[in-house]
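Take a look at the structure below.
Chain lettering (A, B and C) follows the sequence in which the chains are written, and residue indices restart at 1 in each chain.
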Amino acid sequence: MASPVPIGILTVSDRASQGVYEDKSGPAIAEYLARALVSPWQPLRRLVADERTAITGTLIDLADNLACPLILVTGGTGPSPRDVTPEATEDVCDRIFPGFGEQMRAVSLREVPTAILSRQMAGTRGKSLIVLLPGRPSSIRTCLDAVFPAIPYCIDLLGGPRLEANQAVIKVFRPPA
Amino acid sequence: MASPVPIGILTVSDRASQGVYEDKSGPAIAEYLARALVSPWQPLRRLVADERTAITGTLIDLADNLACPLILVTGGTGPSPRDVTPEATEDVCDRIFPGFGEQMRAVSLREVPTAILSRQMAGTRGKSLIVLLPGRPSSIRTCLDAVFPAIPYCIDLLGGPRLEANQAVIKVFRPPA
Amino acid sequence: MASPVPIGILTVSDRASQGVYEDKSGPAIAEYLARALVSPWQPLRRLVADERTAITGTLIDLADNLACPLILVTGGTGPSPRDVTPEATEDVCDRIFPGFGEQMRAVSLREVPTAILSRQMAGTRGKSLIVLLPGRPSSIRTCLDAVFPAIPYCIDLLGGPRLEANQAVIKVFRPPA
């Protein structure tokens, strides 16, 4: 039997990392994956402050050392001076996929006009796909519903492990060969 | 009582700057703001030719010396060789917000298929939000209707003054704290 | 009578360039143009492997030496490690027009959720407009239907030859002067 696929879940938040409040965003991502995936996987959860080098270091560790084919990140994509997650992600990625950010903003815009302020994005570092999600749990679900259908096929193309989803929960799409 | 918030309005146009024709785009922006805002503000109007250094110099002056939390720019975002406003804006911004350009093109596309040729965008230089609008007055209004609802909250997040809008004219949105 | 306008059609594919299978994408582009254009034109067809320098060399030749006002490219925009067409295109372009990629992904998304994985884009090198289309013939048509209406006007603005389309096939748009 295949060993569980490691999936990185990184929360970026000054306040949660200081214990000022509880991180609800990382758990929301883990719950989403638990519902969506039927193939074996294990979460590798991380929590760091809004510091560019802390974020890059954690992403590099999850990608290069822990071989996560998927790293989902929450927090730090807005316009506040402390929001540096996109800069950190660009630092470590070799390729950017603009369609993720476009589509996450498009679906979020149906809910709030301030969605245009989000710098959500996705890129790859080697064989790892890194996706920046919003901070609020309800917005995380909206965005994952929009982009998750394409993620398993993306990981296939990157040469990673095959992720199988519960199609009753989320309709993952792989084009016919 | 608070002093009026300075808002930069920059028209970029070879012909208008030479007096060959009247600038109607800068006034269209000023009229829009006059209708939309209820808190005190004052326009700082500028008019320059399609020259990269003229544009960057003016943006830097409006942002750094005159402390405009918002700078609205019209002209120079198309494919013509003289259109250099996006390049100049990238020169001076520390961050780009792709959602503005995406949304302005999306709403303009409902009117003309050539909207995909526009390189409209937005970014920040320190605490100043710079937004590149189209050149034609009617398109300016279409684009401001699409993105203005998010602008006051963006300025809040950048640490700037609170702009209050006439909600009967434009529904500005601030998420609940 | 005007000499025919040269239009570059570049297929990027390891397998087609090795003769492992027949290139159907380049011909699909040529057929589209044959239906769409009524002014005289001639296809300059090229076929290269997924090698960054082979792509850049061919684009430079079509743009600088052969003076193509339009170069349509198919293949190599996905997430696979061998997909390097966007990188090669960025190498040779002086300007990027984000609206093309946004719109091609938006229309493709109505058909498949994996459209967000595409790094389709367009840019200019001097007076040449380069557009990256998808690999599959049916997707090529979907994307050309979405962006071709803006292409002749873009070439006008770049100072190139006037392309006339069969408006019964594709509604090309030029704004009133």
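The working rule: a contact is a pair of C-beta atoms (placed from the backbone, for glycine too) under 8 Å apart; a residue touches a chain by one contact, two chains touch by 3 or more.
If you're wondering where the values come from, they're calculated on a predicted model, not measured in any experiment.
Engineer: Mind checking subunit A against subunit B and telling me if their interface is mostly the same residue numbers on each side, over half, or mostly different?
Structural biologist: Mostly different residues form this interface, as fewer than half of the numbers used are common to both chains.
Engineer: Considering subunit A as a copy of subunit C, what rotation angle in degrees (nearest 5) results from a C-alpha superposition of the former onto the latter?
Structural biologist: 120
Engineer: Could you grab the centroid distance between subunit A and subunit B? Build each centroid from C-alpha atoms only and quote it in angstrom.
Structural biologist: Measuring from centre to centre gives 32 Å for this pair.
Engineer: Residue numbers in subunit A touching 2 or more other chains?
Structural biologist: Correct list: 98, 102, 106.
Engineer: Could you please specify the touching residues of subunit C with respect to subunit B in the complex?
Structural biologist: It is residues 95, 97-100, 102-103, 106, 124, 129, 147, 149-150, 153-154, 157-159, 171, 173-175 of subunit C that touch subunit B.
Engineer: Considering only the defined contacts, which subunit B positions touch subunit C in the complex?
Structural biologist: 78-81, 87, 98, 101-102, 105-106, 109, 112-119
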